[in-house]
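Two complexes are shown next, each including subunit A; its partner changes from subunit B in the first to subunit C in the second.
This part shows the complex of A and B:
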């Protein structure tokens, strides 16, 4: 059988991504090195600009708190934060509301935040600094909107915090399954057993899921919880 | 030699004096066939046999990219230069056969942009003429800010203003007109890309202003061809060819390598593209790095040199060429 090792991503490593707890109690994840397609993230740092737009979910709140803490006294007055609960339900709205940013909007989901985000980007001017923090799904989808607005993909700062669940597109039916925790997993749309690749699409803002038993139907390895 | 890639044999079809400093030269194929397609911002390297001295200078293609019947370049006469522009001003006449390189684009439009903001100084207008023609055909959104010394030297300013109206803004130094760059940069919609071509000081001014105004680096594009600076005479050993050559005061290292019959890669010949990057095998002295290509760390390492614009001072230099 042509196993998924052919992708060279070491997928049979049963190790979960190493998790460490920071001084302030936030969970940061060190992702193992992978193929160039796999997104990497940095640490948010204040940059000079006339305005600051922050989009975060769940534990991304910690990165926003650190960012504003590192910024100068005027940063809050020029900041607009859109925040949503994380895929695991983490909701740190109260801490963020206490930051005193010029604008703070809590949305129940990314879909609910999208009209506001598009309006904000449509009205923004060059020079605005954009910061994305939290789950990979949130970062990827917000980055896609920023790219649609005409900015280069690397013109935003990103910081991953909290859950490592993935947003995965089935390459066969094209359906996207949110919050994938195991590998392989069952496509929420067509029902195929999918191997979760590190191959990522910025345009779709999703990792790619490939049928794992195409050549030997029924020969599906037991799902392993690789993301959580 | 084939270091710069494929060449095109051309004939000079037209020579036009645009103003006191600039002349336009149009090249066509002798057989009337089409020229290779190009995109706005591309340049060609024009080869000259200047009374025994081989010159190769890059010039932006200024024509409409949709027009493949010929290439047009605009040459600003530089009386203090090394002689390429003077040759093109004094010796090139219609009907003359010349050789140019295939087009190369190091200053392309990013067509993902929502708007293109162009800043030109003097002869730096030439790549924008082609880019604007390309964008106008695509219905792209652009705005040009073009600064020159005075109206007489504002090549193509009137034509651009007549054709594109409010999208073209002209500034004349002699009238004390200056681009209000901070206000201009502050008012651009998200997704704007910035392009600058002109004198070194202008490029530095625009890039640093954009950086401090929070513009992302990847949205700021510039083109600056460096002329190889003169310097002291020095010797170089070309290890792969087994030759030792002497580089003259007004000759570039690349030109000296070519004059010795050694085939060396190049494209822009102005320190920008990276094509001529060469490994240094031995260096007892100081490399004078003049390019925009190598990183500061690479320059400090002394293991790479860009022969098109960089020089050497010291006892001995050995290159892997």
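This part shows the complex of A and C:
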């Protein structure tokens, strides 16, 4: 009973079945069933439009390569790709540069890409198709920018690939810790031991972290690598 | 009106308690001897005189102290009150709804004089007098939702209705049962209820959403929810969980009657006329176990409800670790005799 999907990727994912489990980074990541606030992702598929804006990190490069490969001959000429290395260091810039897209920008980080992304979203015209691929942190933060730019949610498709590390907000101090790999983990801001919920805020583009030893201070179970 | 507003605290020395009259009118939420999630909606129409259902927005002996507590929470954490930009009109709708209801139903305490869009509001218990221009934010000391909910008991969320869903796009949340407005604002109905166990599988939220989207202006609805809280702590927020969480490890058979409280939410739902938003007040009532035990029917029934509650629900409500102590304490009041149907203690 997933709630209506604010970004519509669930709908578009159904149009291109065939997502498979496989080695991380090779194909779409399949997550176990979870609660309705946990984001779900689809598989990028080319859709007709005057312009194609692609934002990807790390192994999201694979989704972009597949997308452009499936598109018609004219797709590259209308495409703008912003790409950054993944949280795990994966950097497939060379393969993407070889695609010959009309515009290709390699940014060192999401923060560095943000001014350009906001400009491009502000300049976007009706009918632009937006494709987001890679880590959950990248997809979530880019989705938030799209939402704040007021673009229609059904213009956006997402595909998760590669690392499953999470962006987590500490509900206590409100600090966000990037690339969380273990559960529990130590908040990078206030130092509390937090367990990672599947509860997710699109507005904050983060999962929720809650103090695990609040009731029994000091009783923190050993961290388990749950996201890699 | 024959009611004295108590000077009491909901933190620190926790001087809160219910007078005998407040105990008798407590909204006991269990109409039968067992509990499972249900939509359990009913029309929010005036109930028995003296009950918490008598008025649209119940004002009780805890009013002034609760408003003082709210101001303290907001001073510590302003993120407890937020309104997305498109929700200001809904805030005005809410202000109008509350001011009109309180002035009509409690004329000794509240007055509203309207001359076109020039309004004059008097709140005697809180010693507030305000002249302002309706729909002009610059004439109030803060936004309309914040203004009126600083003067009204209970948490409030304002739900925008669009795309066949309700979106929690504004709220005043300082007496919550462990959920974060700051995290959940902007979520749809399914998303902000996502962490609730069992209810999604039972299609509770699908049916509740369908009901709520059809609530009409002038025909409000209500339902109960409940949990348990150690000490009369209104602000059981996730933000402050490291501060209040340790209390859960301090319950003993000796102090359970005094420290464990049944926490009841009277949830009401109002369609707002201009914005078409849904106002969702969540009023919190607290009663300590030993107060509740003065009503034999309630004590018997609560024993049976808690004893038979699935552990998954007890865990979600945060009292699984203390359930045995609670059940043992309540068992002394349960002689096994039947309880009458319905929640009224006197029936």
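Simple rule for what comes next: the second predicted complex is superposed on the first by the 197 of 228 C-alpha atoms of A that agree within 3 Å, B and C clash if a C-alpha of one lies under 4 Å from a C-alpha of the other, contacts with A are read in each partner's own complex, and residues count from 1 in each chain.
One rule holds in what follows: contacts are C-beta pairs under 8 Å (C-beta built on N, C-alpha and C of every residue); 3 or more make two chains touch, one makes a residue touch a chain.
All figures in this text were calculated on a predicted structure; none of them were measured in a lab.
Contacts of A:35 after superposition on the shared chain: subunit C is touched, whereas subunit B is not. Of the two partner chains placed by superposition, only subunit B is touched by A:152; subunit C is not. Looking at the superposition, the partner that touches the larger set of subunit A residues, subunit B or subunit C, turns out to be C. In the superposed model, A:125 lies in contact with subunit B only, and not with subunit C. By the touch criterion stated above, A:144 is placed in contact with neither subunit B nor subunit C.
In the superposition on chain A, A:204 contacts subunit C only, with no contact to subunit B. By the touch criterion defined above, A:49 lies against subunit B but remains apart from subunit C after alignment on the C-alpha atoms of chain A.
Shared interface residues of subunit A (contacting subunit B in one complex, subunit C in the other): none. In the complex of the two chains, the subunit A residues touching subunit B come out as 47-50, 121-122, 124-129, 147, 149-152, 154-155.
Interface residues of subunit B, counted against subunit A in their complex, comprise 110, 112-115, 185-194, 212-216, 218-219. Interface of subunit A with subunit C (complex): residues 1-4, 6, 35-38, 169, 171-172, 174, 192, 197-199, 201-204, 208, 210-211, 214-217.
Those residues of subunit C whose C-beta lies close enough to touch subunit A in the complex are 79, 163-165, 180, 182-195, 200-201, 203, 205-206, 238-242, 245-246, 248-249, 321.
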